[in-house]
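So, here's a batch of structures to check.
The two complexes that follow have subunit A in common; it is paired with subunit B in the first and with subunit C in the second.
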Partner chain A sequence: MNTLLNTLATRLGFHNQQPPFSFHGGLPLNPNKRALGESIVEPPLPPYLIIPLINYAKQSLTPTVAVGDSVRRGQLLAAGVVAPTSGKIKAIKPHATIHPDTLAVNAIVLHCDGEDKRGNPSASDNPQELGGASDNLSRLIKLRSSGKQSQMQQLVDQFALSGLGGAGFPTAEKLLGNTTPVKTLIINAAECEPEISCDEALIQSDAIDIVKGIDAAVQLSQCDQCIVAIEDSKPAAIENLQSALKDKPTAAQLMIIPTRYPTGAESPLIECVTGKYIPHNQKPTDHGVVCINIATALALWHALDNAPLDSRVLSLGGQSMPNPCNVRVRFGTTVNFILHSTGNNSVVNDHRIRAGGPLSGFDLQNLSVPITAHTNCILAEPRVEITDAQACIRCGQCADVCPARLLPQQLHWHAMADDLNGCKQFQLDACIECGCCDLVCPSSIKLTETFRYAKSQARFRDTLELKAVAAEQRFTEREHRLEQRALARKRAIEERKKTIQSSSEPDREEIKAALARARAKRQPKQSR
Partner chain B sequence: MTRIILDKQAVTAPTRNTSNIMLLVLAALVPGIAVYSYVISPIVVINALVAMFSAVVFELLAVKLRGARGWPAVQDGSITVAAVLLALAVPPGLPFWQLLVGVFIMVMLGKQVYGGLGNNPFNPAMVGYAALMISFPQNMTLWFAPGELHSAGFVSLIEAKLGMGQTDIGSNKVWDGVTAATPLEQVRVWRLQSLDDNGNSTALSLAFSASGWLWINLAFLLGGLFLLYKKVIQWHIPVAVVTSFTLLTLLLGQSQIPLYQLVFSGALILGAFFIATDPVTAAASNRGRLIFGSGVGALTFTIREFGGYPEGIAFAILLMNLCVPLIDYLDRRPD
Partner chain C sequence: MSFVIPFLLVVFALIATGALLARLSRTNTSTDKNNTSAMIEQVNAVLPQTQCAQCGYPGCRPYASAIIEQNEQINRCPPGGDKTITDLSNLLGTPVIPLNNECGVVKPPLVAIIDESVCIGCTLCIQACPVDAIVGASKLMHTVIQNECTGCELCLPPCPVDCIELLTPQQTAADWQWPRPA
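Up next is the complex of A and B:
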């Protein structure tokens, strides 16, 4: 009866009044976690790794190593980037990355020596710096409370921590760099997208270390409460987490949330856990909410234990994957190598290989691209014919499922007309590209594709505008400089004229003679 | 640009395409049409078929002229729905050639000049209706009371509509006197003659006529509820139309007819559930839909009560279509 009433209430648009709150939009999807097996597969080390020199904000990084250098596992290669294994740097050159358009960025090609030797040569000089995990944690907390920002940053840089969810935002900044006090720390174990089960697999195998990581995150962020949010479709993982949380007393509480895509995305999750909807132009931290992925919490624990983040677990799934599983791979391993080393090489030639989930991912054009911190899934799907989209009848089903509360039908109208200002008015920036609208569109319109395109157009236009503004500024500054220079010259001439006029007779004679000499010198040149 | 395709196979979610939606709308119209042909005349089915067929032909022609592939445009079924709605909106006795003119204007000026489905600012069926109303006002206001057309005979009616035979519809040669055709027409006549005419034969026939129209509208309401249940339409527009109309009638209405007869006569129910809810020409957000629907209801009341036409919902919908871009601009984000 109660559930019936609840469904009726949500159908009529009333939201839950206690946690877990319901969020706007979304879809109940079949989890379809094919990759979830007994254990996590550990493939051998690849012959070489490709490490893109780019950070989460798409800024290119300057390498701190040179071609020919030997590096050890965990050694810094650039700000926030560590070597995933030991070996020799063969080249630093542009290489294709996981990107809808296979964008090439500058990357380090690291030939692995197979020994996988750990240790940062520079840090091993003073071994007392290498304490245990709890030492590192208390050091960090001490540094934080005493306000030694630069020392703290130095320590944090060695962790090479980035979010293992989707965006790859630097985790240390989330936990330590807050100006407003953190009220709620949310550990995201929702993993809402079908096919993806890497976090679930980690919880099943490593729950105890995960809880240690969560505890570290609680201490670092100094939050009032910590909530671990997990979807109710993962009973085994929930049980593991519950018993691990019982063993280690922490401030963290488990919250079981309904299975509804995309609860795992940041803003729907925050809405689900706290009941607060955070508009897209505000940051969760402004509201005292910090959200990190559960795999990131585990990586935090390992990093405190002097094992910087250099690998991740990802799911191999999809309809055509012959051997679906979760694999632990080093960053920089190519998709091709992963498929071959897990016995999935048969799909390479005649299937679509997709990076990211069935909804939020995209098809890869090139399989020699390296995986990074935010590659959570590789799918193999049969090639299908693309059906032509019909006209939009503005039925509004897309708006009903949009978790960002947008009007996709209006956005589509403006995006198709290349009206970027119109897109901005309808808040295209808030789109999280979850793909719910595509799924329900009765006219099979590829809305998300259109929005990604419009977003890239808007970004391009913004950079052009920035460049134009900078050019204008340079121009006006140059004009000003020239003006000043001309003024100064004019003043100097006047001054000299004045001194000449005021100078004595013999001086003038001398000047006249000098002028005559100069003229005589110039004469032959003119006659030529 | 890479094609980013969604894996519909990988996820199970309700998927419904545009053609299915249009088929559901047609299905929802069936009870209304059935009662209509029982109460008034089966000629309405012929009208609907003629309008549907000619609309498809005109649509194919227009799409060809625009240089696009014709069949997919027809397949979505939107023009079929519009044609049936137009056929239901016009008086059943309207000559076929005039109906064809209406369909032609509906397809060409209501839809295709703007670039086909999804791009038209006005409801195509209502554009066709308005053009007919202005061009052929006499025939467009010639309604018959329930039963009148049955007595005339089906064949002679078709002959009349084709312009053959000895009969002419406009001059009432087939039928004696057109009194109390629709309750709304009677209300208008009363109002124009400032009569307070209760309790005589007119009122009796009016009651009979009103009950016929009541049944027709109840059947359309049934179809509308079916669409709501199937989630083809949302509740906002029909509820707003009927509510604002009812409230204004209670506050400002002067007619002697009971309120339920006013709501269930004319095309208010058909318009509220089937025509105003056309998503292409209605507001996008739920709040916008409430505003849009209230506007339609208010304008319908205004035209019925103070205007020169017995029924106002067609013009009300067209006028509110005009406001949709403004409503959409003001309400850019649903909450």
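Up next is the complex of A and C:
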């Protein structure tokens, strides 16, 4: 009924007139935050960590350390990657990662020495540079206002900050790299997906530092207003944030938004907070909106305080998890180790282990894969028979719940027919893979799976096309260069001919004499 | 005298029509030329840009010109395979015909790799590469820029020490694709 009313309201254009605004589609889901407990569990350091050398754009990174090197916690291993603890680099080789197909990428295997010694050897040479958090913040702001981009970048690189929400976009770029001024900074504390409660747990334990981080983000982004958006189903977290915000005067305001999946995704959240729907082919920054996760704000504060981002809190949940909890783990800890060290080892063999939420995640085939900045959740679910999909009956419920305002039933035909142009026409790129359409489909069609497939196909086709264009350009340029070279050679020959013809009689005599000498020299050689 | 004026008028009218026709025909030929080059451009866009010359022409654009200007068959592109033939037949309104096996066979995408320990630095492959994807200097080791290599195999025959191999490119995270749902 609620869905129906909401849909009706959106269709008729009755939006809420003041914030929080409503967004198109979505579903009220049972939050089911099993993992939320009294405190965050801190498992021991694992014997080794595996750090994949890949960035958020899936480009491989070049390591700045070699096998055999001893590293300290916080030392740079590659651009934007720091050592999560101290130890020795044992190997740099391809290793399986958290990936639907357990794809192997080049990774650093770091054997932990257990001492967890912090500090960058190069930075400790001049300790006066290693100021406190507020010093670093004011230094960054000064560098920014004086336009010293490269120095600012150097400082920011050491933070190793990446978004902790899900996509892992480099946070510093969001806050500092804007060409258009930031009007609204949104701190995303919505955490809308069922089972995931790592941000909520952080707010309950660390609200004061979080508010410091939010304040730093406000100062760095130079925004006009800052809104901390949190779902109304988290009363304890709201109370904590409210009191922390009262203690530290900042420009940030708390906005309590309705609990409706997927408010925590970027575009529905922006629509909810500002009332503006940002089309998929535009960036929020084009509209002066920047959105960062609340855990990232805390990470920013720690990074300013000389503790680069090297760990995260993640939720262990799901129907079959015997001991659901939120754990703080270093990047590179394997899923297997996390499950064993939290007393959840019984699920390893006969359950479905999922990385990411129940809707947006995927099943893992291999558990010795390392967690990264964007692994927010590990679920254990019973193995169930997958119900066979029935034919689409064109009920249109998927279109009603789609937060990206797409027509999933239409897209489904195009995707299954491998009609990528049709998919493009119906704006498949805008799909945020939230899984709402799967939940409501009465024929249990796996729509999101189909869209993921078609999206990756389209991406692959685009890269092939780009490659073809580049090859064509290189071919034409080479042809042009060869032509020019042939022309230049022809011209040079003609020029020489002309000079020889125009040369005077004595010159010619000289040439003849030289030729004769050369011939004479060659003669004995040939006869030998 | 009175019959001279209409006569002159007719003459003028004829001259004017002639001039107009001449101009029209000239614009016609230029639009024809424009059409031809636009068609070549469209055909070229369909071709895979491997620049392998297996079609018998020195590259994709020359083959595109031959298709438009000399009525060359559309089935001479092995790297493009059936997809290119279908696309070309859709574009040109000609029937789909099977690939001409004299030109070559369809292969999975490949990239060239130089065994750097064997390379003697003769520069012959550099000269053969149609897309400038090989770097190196005389008597110094050469290497293939993997991202730019189209897998055309033109570097294989000139190599005097047979140190170039064609391999299927390693799958990276960036071009991994979700499996097709059942």
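Everything that follows uses one rule, which is that the second predicted complex is superposed on the first by the 478 of 528 C-alpha atoms of A that agree within 3 Å, B and C clash if a C-alpha of one lies under 4 Å from a C-alpha of the other, contacts with A are read in each partner's own complex, and residues count from 1 in each chain.
The criterion applied here is as follows: a contact is a pair of C-beta atoms (placed from the backbone, for glycine too) under 8 Å apart; a residue touches a chain by one contact, two chains touch by 3 or more.
Worth saying up front: this structure is predicted, and the values here are computed from it rather than measured.
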item: Which of subunit B and subunit C A:F159 touches, first, second, both or neither; value: neither
item: Partner chain in contact with A:Q319 - subunit B first, subunit C second, else both or neither; value: first
item: Which of subunit B and subunit C A:F331 touches, first, second, both or neither; value: neither
item: Touched partner set for A:D101, first subunit B, second subunit C, both or neither; value: both
item: Subunit B versus subunit C as contact partner of A:P194, first or second or both or neither; value: first
item: Subunit B versus subunit C as contact partner of A:R452, first or second or both or neither; value: both
item: Partner chain in contact with A:R394 - subunit B first, subunit C second, else both or neither; value: first
item: First (subunit B), second (subunit C), both or neither touched by A:A470; value: second
item: Which of subunit B and subunit C A:W301 touches, first, second, both or neither; value: neither
item: Common interface positions of subunit A, toward subunit B and toward subunit C; value: 100-101, 446, 449, 452-453
item: Footprint of subunit A on subunit C - complex, ascending; value: 44, 48-51, 59-61, 130-133, 147-148, 150, 171-181
item: Residues of subunit A defined as touching subunit B within the complex; value: 24, 27-30, 32, 100-101, 194-195, 261, 318-319, 352, 354, 358-359, 362-363, 365, 379, 381, 384, 386, 388, 390-396, 399, 405-407, 409-410, 425-427, 435, 438-440, 442-444, 446, 448-449, 452-453
item: Subunit C-facing residues of subunit A, complex; value: 54, 57-60, 97, 99-101, 103, 105, 446, 449-450, 452-453, 455-457, 459-460, 463, 467-472, 474-479
item: Residues on subunit B engaged by subunit A in the complex (per definition of touch); value: 1-18, 20-21, 72, 76, 78, 116-119, 234, 279-280, 282, 284-285, 328-329, 332-335
